[in-house]
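See below for the structure under consideration.
Each chain gets a letter, A, B and C, in the order it is written, and its residues are counted from 1.
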Amino acid sequence: MTTRDEMNSPVDQVNEPILRCQDITKSFLGVNAVNGATFDVPKGKITALIGPNGAGKTTVVNIISGAMKCDSGTVHMGSTDVTNWERYKIARLGLMRTFQLSRELGGLTVLENLLVAPKVQAGESLFNIFFRPRLLKREERQNIERATEILRTYGLYELRDSLARELSGGQKKLLEISRGVMASPSLFLLDEPMAGVNPALIERIGGYILDMKRQGMTVLMIEHNLNVVEKICDNVIVLAEGRTLATGRLSELRANPEVVQAYLGEIINAGPHN
Amino acid sequence: MAQFWLAFGFGLVTASVLAIAAVGLSLQFGITNYINFAYGDFMALGAYFTYALNSEFLHLNVWIALVGGSLCMGLLAVLFNHFLLGPFARRFNKTFYVLIVTFGLSLIILNAIYSIWGANVRAYNMKIEQVLHIGPFLLTRNQLIVMAISVVMMLLVHLMLKTTRLGKSMRAMSDNTTLAMTSGIDTRRITTITWFLSGTLAGLAGSVLGITEGNVTPAPGELFLFVIFAAVIVGGVGSIYGAMAGAVLIGLATEISAAFFNASYKLDVAFVILILTLLFRPNGLFARPGRA
Amino acid sequence: MPAFWYYVFTLIFFLFDYFILAMGLNIQYGETGILNFAYIGFVAIGSYVTGAVSLPSSAGTGQQYILGLSLPFPINLIIGGLAASALALFVALITLRRLRTDYLAMVLISLSLVLWDLINNYVRLFNGADGLYNVPEPMASVFKLTTNSFVPFFAGVTAAVALILWFLMSRITRSPLGRTFRAIRDDADVAAALGKGVFRYQLTSMLIGAFYAGIGGGLIIQFGGSFNTSAWLPGETFVIFAVIIVGGVGNNLGLLVGALLVETLLIHLPAFLPDIPGHPELIQYIDAMLIGILLMVMLWFRPQGMIPERVRRSPLLSTFSKSDGQQVVVPTSPSSVMTATDSAALRNVDEKDES
């Protein structure tokens, strides 16, 4: 915790945070999974959330996205306090997430998976379906156009009419990320987007994440692969035992003995390709 | 006040039957994690097995026939699990499918009972009992025996869960099946045993219901099932002790309300309690966090 | 009219009526994933209310019921549908938000039993176990129908109502609303993470489905002229599940096929078979068991049903992409620090991830 303030300050001056977590705690049956996690996610940057197994990374993402309720602490998106809001309300505020094991909508086609994503659609109201068909058609046309563009970018265009449950693991991963992009989030939480994926696809997903940043999205990603973190992330948050250990650039953290001891050491010493 | 205590006595009898049934349902739910909608029909079938042993074939004393009938139902439950429910539960990861299959099984058993025994009410062959005055209660000897059976069964289930290896494995499985499997528990075997216990308890509950009511009908499959659900939900789904407590609560509440209002609204009282529980304590009154 | 044709039109009536009922349950279960085991309760309420608003005031009829407004067709029917929706609203508000699938199914089946119990016991409100009878035959006086000509006439009316409801339903299932329903069915968590207020959509689905249930029930009471409480036990819900699972979950045409196979062929046709001597109702019992077995066999060997859910390919798509299905140049993230090799990488993905 000693280094936290110094490290955060240069970032804070440039960017106001889009997400601010303060003293989040969460315990399961008496075991503290998250124990006072405090960090900011700067706007328009790619931030990595790293830490050893069991550090509470996924729990933090679950709490931020509303999939779990925290025991104490606050989560702010911009200036809005979203602590323990319902998931869909947080999503409507512009937060999207992916899951560690990709969760596709199996009975829908790839294209439909993307078409579900826009948060508010006129076509989801019974009144509009029966009385404003023109509006529906126009909206649907725009959504399909955009979805098509995204599917092309993600190399899923040819699979657009396949059922999502028939895709391979890597394709499902891409589908999940592209579905999130379709919703044009302001903050995109990626839970281990590179896990269980071959090196060529890691490269591609890394490229997509950089693209998201170029388009003005903020990304917070849980990642184990420090090479990836080094190449694409602007900022790193280290969690250990449910606490924020340090934040800053990876190069700075490598020099921090506390961080090295808790986590980085073993990986750095193990070689560059963990 | 005398009326209250009379009703309280009847409530204890109903609670005894209900507790046996609710514990059987909860045991199986805890292990397999889906509700058996044919459970009421298991009860009815058990009652008819007892009836067959008591009045049709061996002409056994009703208390002996009851043991045989319950065990038959237990074996049948194992077969249902092995050839029908188990395969469906393993094949489809959504609970939908297996729930619909239990619902279908319920229809099949009910109509099988109608085909074999007809729609007429049957009665066990047993002595007409004198009503005994015990304190403020008015109960028959049979009702007292049923209460004793229930208490003994609850104690046995408690001892099994707390002291035997089997019980510990069952508790581990109901907490976390995957973890139990990785720690070397033979989950298939435990599941089979659980279905046997659940079916036996269902058969027992159906039989003692037939004894206390004085007649045997296929009705448990339709109406009594819901009262069991009320007891189980009020107690906290999957919690054995919750099921016992829920059974006592629902049993007393229905009988006492029947004494003061109209007996035909018994079911509605149970339903109101069920709804109130869902509104204010959706995990049940006695559920510990993390269970259910 | 010869008895044969009378039977045929009775079968046609039940075919289309169960088609309507199946559409209602299908939007709840097949599209949205709500396991509504109380469905028959909504049918019963629709039936009762339709009957009660069609009958004249209860004084002097020897029956006890509320309303008694002598309303004509189809207003009575629509009121019946709305009454079922009102019940669905009440039920959904209490249960949907807080319960997972199996709890919900338990509570709903309990509700179904309690409704049945209430209808049987509340003599003042529902005329008790006698049900309602002497419900007027709709439009009989307008078209000067006799008892004989009423059956084919009303079978035709029911078919027309079913077709209208089919048209409306397909508008819903093809819309973005239908898509969101299916997203919730496939994974409610993901739908919520995409900003969908799951409860609101499930509620909408419940209301639409209950409306169809109420209409289907209303048609039954007008066809038969009476309301018999024994027809509303929870097992009846299972028959409608059998219709949609045999026919094809999520496919409206499949539902019609399911209604034909299950309702017409398995339930109503055997009613015309001669009884087995000495066992008056045995055929009916065996029939019910057959339906249960048929459903399990279908679920195991063909869970998608006779006519599976359509994969919804978008025809609109071709208007945007002329190179439809051709080799597409994938403009993969040029800004990458890393080199992006696209389609080759994608092929690699498939091979490696499966292992």
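Going forward, contacts are C-beta pairs under 8 Å (C-beta built on N, C-alpha and C of every residue); 3 or more make two chains touch, one makes a residue touch a chain.
None of these values were measured; they are calculated from a predicted model.
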{"item": "Taking each chain's C-alpha mean as its centre, the one farthest from chain A", "value": "B"}
{"item": "Chain pair, A-C or B-C, that carries the greater number of C-beta contacts", "value": "A-C"}
{"item": "Distance from the mean Cα position of chain B to that of chain A, given in whole angstrom", "value": "47"}
{"item": "Centre-of-Cα separation between chain C and chain A, whole angstrom", "value": "40"}
{"item": "Chain B and chain C: spacing of chain centres that average the CA atoms, whole Å", "value": "32"}
{"item": "Residues of chain C engaged with two or more neighbouring chains", "value": "none"}
{"item": "Where chain B touches two or more other chains, by residue", "value": "none"}
{"item": "Chain C-facing residues of chain A, complex", "value": "65-67, 86-89, 91-92, 96-97, 99, 103-109, 111-112, 115-117, 119-126, 129-130, 136, 139-141, 144-145, 148, 152-153, 155, 157-158, 160-161, 163, 168-171, 174, 179, 183, 196-198, 200-201, 203-204, 206-208, 210-211, 214, 231-232"}
{"item": "Residue ranges of chain C touching chain A (in the complex, touch as defined)", "value": "168, 171-172, 175-177, 179-180, 182-183, 185-187, 189-198, 201, 204, 208, 250, 309, 311-314, 316-317, 320-321, 325, 328, 330-333, 335-346, 348-350, 352-354"}
{"item": "Of chain B, residues touching chain C in the complex", "value": "34-35, 37, 84, 87-88, 91-92, 95-97, 99-101, 103-108, 110-112, 114-115, 119, 222-223, 225-226, 229-230, 232-233, 237, 264-265, 267-268, 271, 274-275, 278-279, 282"}
{"item": "Chain C residues within the chain B interface of the complex", "value": "29, 33, 35, 37, 94-95, 98-99, 101-103, 105-107, 109-111, 113-114, 117-118, 121, 233-235, 238, 241-242, 245, 281-282, 285-286, 288-289, 291-293, 295-296, 299-300, 303"}
